[in-house]
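Inspection log for the structure reproduced underneath, given as structure tokens.
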Amino acid sequence: MENGIQSAGGTLAEGRRLRLGVVGGGAGAFIGQIHARGARLSDRWQIVAGALSSRPDVAQSSGRAWGLDPARSYTDWREMARAEAARPDGIEAVAITVPNHLHYPVAMAFMEAGIDVISDKPLVNTLDEARGLIARQRETGLFFGVTYSFAAHAMVRQARQMVREGAIGRVTQIHVEYFQELALLPAEAAWSGTPWRQDPAKVGGAATTADIGTHAHHLAEFVSGLRMTQLRAEFHRLGADQPLEDTAFMTCRFEGGVPGTLLVSQAVAGASCALRLRISGSEGTLEWDQETPEYLDLRPFNAPHQRISRGHGAGMLSEAARFVHLPRGHPEALSDAWGNLYEEFAIAIEARRDGRALPEGRIACPGLAEGAAGVAFIQAAIRSNAEGGAWVPCLFET
Amino acid sequence: MENGIQSAGGTLAEGRRLRLGVVGGGAGAFIGQIHARGARLSDRWQIVAGALSSRPDVAQSSGRAWGLDPARSYTDWREMARAEAARPDGIEAVAITVPNHLHYPVAMAFMEAGIDVISDKPLVNTLDEARGLIARQRETGLFFGVTYSFAAHAMVRQARQMVREGAIGRVTQIHVEYFQELALLPAEAAWSGTPWRQDPAKVGGAATTADIGTHAHHLAEFVSGLRMTQLRAEFHRLGADQPLEDTAFMTCRFEGGVPGTLLVSQAVAGASCALRLRISGSEGTLEWDQETPEYLDLRPFNAPHQRISRGHGAGMLSEAARFVHLPRGHPEALSDAWGNLYEEFAIAIEARRDGRALPEGRIACPGLAEGAAGVAFIQAAIRSNAEGGAWVPCLFET
Amino acid sequence: MENGIQSAGGTLAEGRRLRLGVVGGGAGAFIGQIHARGARLSDRWQIVAGALSSRPDVAQSSGRAWGLDPARSYTDWREMARAEAARPDGIEAVAITVPNHLHYPVAMAFMEAGIDVISDKPLVNTLDEARGLIARQRETGLFFGVTYSFAAHAMVRQARQMVREGAIGRVTQIHVEYFQELALLPAEAAWSGTPWRQDPAKVGGAATTADIGTHAHHLAEFVSGLRMTQLRAEFHRLGADQPLEDTAFMTCRFEGGVPGTLLVSQAVAGASCALRLRISGSEGTLEWDQETPEYLDLRPFNAPHQRISRGHGAGMLSEAARFVHLPRGHPEALSDAWGNLYEEFAIAIEARRDGRALPEGRIACPGLAEGAAGVAFIQAAIRSNAEGGAWVPCLFET
Amino acid sequence: MENGIQSAGGTLAEGRRLRLGVVGGGAGAFIGQIHARGARLSDRWQIVAGALSSRPDVAQSSGRAWGLDPARSYTDWREMARAEAARPDGIEAVAITVPNHLHYPVAMAFMEAGIDVISDKPLVNTLDEARGLIARQRETGLFFGVTYSFAAHAMVRQARQMVREGAIGRVTQIHVEYFQELALLPAEAAWSGTPWRQDPAKVGGAATTADIGTHAHHLAEFVSGLRMTQLRAEFHRLGADQPLEDTAFMTCRFEGGVPGTLLVSQAVAGASCALRLRISGSEGTLEWDQETPEYLDLRPFNAPHQRISRGHGAGMLSEAARFVHLPRGHPEALSDAWGNLYEEFAIAIEARRDGRALPEGRIACPGLAEGAAGVAFIQAAIRSNAEGGAWVPCLFET
């Protein structure tokens, strides 16, 4: 760990840390923890309030573990929104890490309280809810970020810029897959931490498609720069006996008619978090794998394969270089990506609060448009599957 | 290269080498060369005759390069069939390595001459031709082998036996893909060595599906032990402007309703011969990649991944052990796989010629049934694509 | 990111964060940043004071960037030690991230002020300095941690416990190497960020051996559980023209006579931070590579290779499980390892301050003993090289 | 397997196959089999005689399995040399695959009979024997090839040419290692197939160093183009209790003072045939691994890593292109490398027999010079180890 490093730059007022509240994330909730790790690592935030659980004992014990002032450790997010909005030192943003069906009411409550929102994905469960949030965001001008965190890896930013700058020529086909093994557990264990994931009322009619399919969909669009316009989907239940799908195979079209496939399954034995994107163009193919996020494989036509690794200096494009915190070979990973995301959120929120424009070309973090696109994707997949795999348009229509 | 080795066994009469003739394979024809390498490496064959080219000069010069008696270097395969059948030392089998549309008449000519046949894939271009060969084979009792060579790798045999013996539990999904980059060349160069591949009249209505799709189809069936029953296909042309598809995306069903996907493209930049099979079951996933054929990756549910490598001793199952020629870590590859295939052909043909039964459980090389299944697969894909991606049955019906 | 997670546990009083000061780490100093990332990620620390640079402007601007109270942004570490010791809310520990020759006086100054110390490696430049720190530590009872950070990866802890529990049988040979490419830069650029690294007066007579050799030495001892007793070293200058070695090849003996090799070079083109450890035993070999820290490769005798990955559940031993923050397949990396280290430092320091014993079996972070062992290693290598590669004992003698 | 291919060329008279005899190689002898596979695959040879075993029953049964005329299946290699020399259709070369101590007398016998020699490595057990063969070869003008087979892989040829053409700049350090696990077997089993390997009288004082160390030594010299001039060696016995070393660690110097290391062990659990070469230069590092022979990794300074794979077209240098038999992605492996070697032997032997000069730049197969260099290497290692690891010169002196 011996190489020099240039400052990653940034526009947040020096030393200032925004005040963050968290809804969800109580004991045992992984997703709240990972939000918190990102916020801490970015050094742009302090977590000062939370509705970490609806159970008072869990809320208090989790709040103590997080070092919260007990008075700001709430059990009711509505109360939290009101109370924090009323404090002079109230939170400047809320991170929403609750089950899917609560994203909408929680986000609405904080927006009504005038507080910027950072929400986990999928954004909401219905297109109407998505439209509702968009309308409210337009009225209020509040910031709304959605944590498609994988797209915050430096090498994903590198991939996106390479595609945009023509490194693989004209994009011709896109393949993305995301495999896990969770659904192979016995039914009572498979979703033990998150039983709502197989509750149709809480996830909007799709399980795996909503949970990890949206990540795959966003990543493909983000890196290719092309929106998915149509899809055909077939749903399967290959693991534990559950109400909803644990597997979905899709073929799809992106803008310009570019064909592709999207395969997701939580019933692939031996798969942990196997999200892999391949984008082929007329001159090369790019591949990125979430489990080895520091590497981007470029396979040019009729030439040696190249493995590009994150680091200062040669070959790192500007959008990736911004997120190089450690020298090449000193690996960053998922916490660092969340740190990148929370840094972008901080920059955007501070700019909004200060009435400044966003720094030019500085922010690529996803917002309501990307969140709504994910909802449209889920709904299209559900409909296509119900129609026997028919082609269904999947762009979000406001 | 220092470890002891047990004899790979076999039942061919010691030291006897069968006499082989080759149709196709003249200068520049890769596929003829690889047949010949397999035959030589097996040490079960001597190549004594050929119709290596229809051009007399090429036939003669290629024949000289192969060390053929000039009198047995033919330019017309019909004449070759007649002449060899008439010789007391005539060929005992013919290897057919010509363009697809000639497989049928050449095979018929040699069967009529009473000579056993080894044909490249796809077997033929139409279901009727396949039925014709099957009928003739039943009448004559001749041996008919089809060179789905990838299935002759020791580790593919290992995979098949592992699946059969339950190493991954109940098979739940199957994914196979085969990517190459050839079609990205300019149209005049892409198929320069094999221009007939984009001639609908010579390949039966599909190019890439027939060429490499059949390999993917056979490999998936061979290892899973499950036949593909239905498919949906969409064809694309993503590379050079050509009459036929260079890319096909399929979803499919195997026996028992097991779902899967089959993706083939010859327009993937940077891909050489990227044939990859993944079979997932209730207890594990197996993966094999043609470009690193010595390894078989087993990923059990919730346990460390394992990489099984070919070699004597621990973990090698009987059907793979038979084809272990070199100790673990001393890699074998495609020529060795073709050697395995030609060894099986030799054993089967000698048994037939000697009126003996095939050695029990000794022969797994593909024949007319597998060849016909490939033709049915191609025809189903063509039809599904024409019908907008409808589900189409794809089992061969006699 | 969908799996449940158990709390990583810990014994620090809930919500309490220790007050940390940092010496070194001003603008452009990578090593200070990585300390800070670890402290933040652990959530056990708040950085409240610093002597980030001896240049007042840099100290102030860096202090602002870190959000320090300007009154606690010092330019002189002696003054910082005195002032912080005098404050009721003074720092509870200092992190020393300055050039090697300053480790000793800075550590002494803070120990004299009664403040616990966390020092970067190598501990100091001479054996006498090491003895001095040890004596002072014995007198004061203060905590003294040394940041051999690589040993704080979960999978390194896993490897250590596996060796101890016999997973590879009796250890028979140990190979460790650490390669970088920095020294191939032109002389004026190679060490531009850290010119003191090639200044014999500041690094105690060895450059690469002190810089990265100590990491390799510590990692080998830590995982094997065996101390290196003797070594033979040869130094080379293979890159830019510099006063000191950029490359050292060593053979060595560990306790019990176990032989090994240690190779370090900062003149290996294309190497970023290629630290790789292989420990072979009578029943298996373990391999860990710093650039892919989530994987531990176990290669049992005559059996399939296994790749063990970090995560909850199957196969994770207790000392690794403690540091599993994210589910399997959601990669952690170097910042997370530094977080682990700073968590252990916090637990140890709080226990000392509260007069409690360290939690049983809970702390494996390195301290003065490991730091002194590194100094003895460097000095032995220098002496062996000077004596033409003679065998030299390398255990630290108090 | 669909790409066109250009003929690999060559200068052997078309269709002619040289007559080969084999000494050693009876039932169970791996090394004889691999010679035979190479000879067959090259299509330049026919094996027509053998002294496959000194036991008459084994000699006859092995001879039958190889298809030899029983009259040319000898039990005594002296008789074979005499008888074959007397036949008008006698063998044109002999392949020597017997234990090390017999290499010398067998080679001498066939040279005296005027027959060209192909010998396995190590050439012989003493420097005097090496000098004897060289003297005799000078007198007779016979061809003498030594089967350092790994150097016949296309990608090793590619590596050598890349180094020579400056792809990695000035060579600065060389590391080669070769690990196997055989010696961890119980003593009675470890060398069961080749018990003479641990018999000092039969292997000239070193076991593993002679067996696999010579491969590592040759490969390093061959690719770097630099001869090893000095070495320091330490021998260890880490596996079964045996008279000779199973492990040797060396540091060494190559021409121009380039330093390096050479590590060999047959007591590394989980290692099959792990021969790996790394050559670093001022501008890049090349790495080749015998177990994945189709890939050559180029790691340029401060640039993405490249993986070069064997195949026609882009990037393949002339000396590698000559040995491209199959298109990129259709893997070749060890049998193919032996085929390359036997092709070169055939070209050289035919040229000698026809009184023609060797084709310019066409032959890179090793001969007596390389064989003798290996003997000098073994003897230097033995001496250095005996002298406590002293520096010992290791160039062969005639």
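Going by the order they are written in, the chains are A, B, C and D; count residues from 1 in each one.
Rule of thumb we're sticking to: a contact is a pair of C-beta atoms (placed from the backbone, for glycine too) under 8 Å apart; a residue touches a chain by one contact, two chains touch by 3 or more.
Chain-to-protein mapping (UniProt): A, B, C, D = Gfo/Idh/MocA family oxidoreductase.
This structure is a prediction, so every number in the text was calculated from the model and none was measured.
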Of all the other chains, whose mean CA position lies farthest from chain C? B
Suppose each chain is reduced to the average of its Cα coordinates; what separation in Å results between chain B and chain D? 33
Would you mind pulling out the distance in Å between where the CA atoms of chain A average out and where those of chain D do? 55
Would you mind listing the residues of chain D that make contact with two or more other chains? 271, 298, 302-303, 305, 309
Once you draw an edge for every pair of touching chains, what topology comes out, line, ring, star, complete or other? complete
Residue numbers of chain C touching chain B in their complex, please. 298, 302-309, 313-315
Within their complex, chain B touches chain D through residues 1-7, 14-17, 27-31, 33-34, 36-37, 40-41, 43, 61, 63-68, 149, 180, 182, 192-194, 197, 211-212, 266, 271-274, 290-294, 309, 311, 325-336, 339
Give every residue of chain A touching chain B within the complex, in rising order. 168-169, 172-173, 175, 181, 184, 232, 234, 236, 238-239, 247, 249, 251, 259, 261, 263, 265, 267-271, 280-285, 298-303, 305, 389, 391
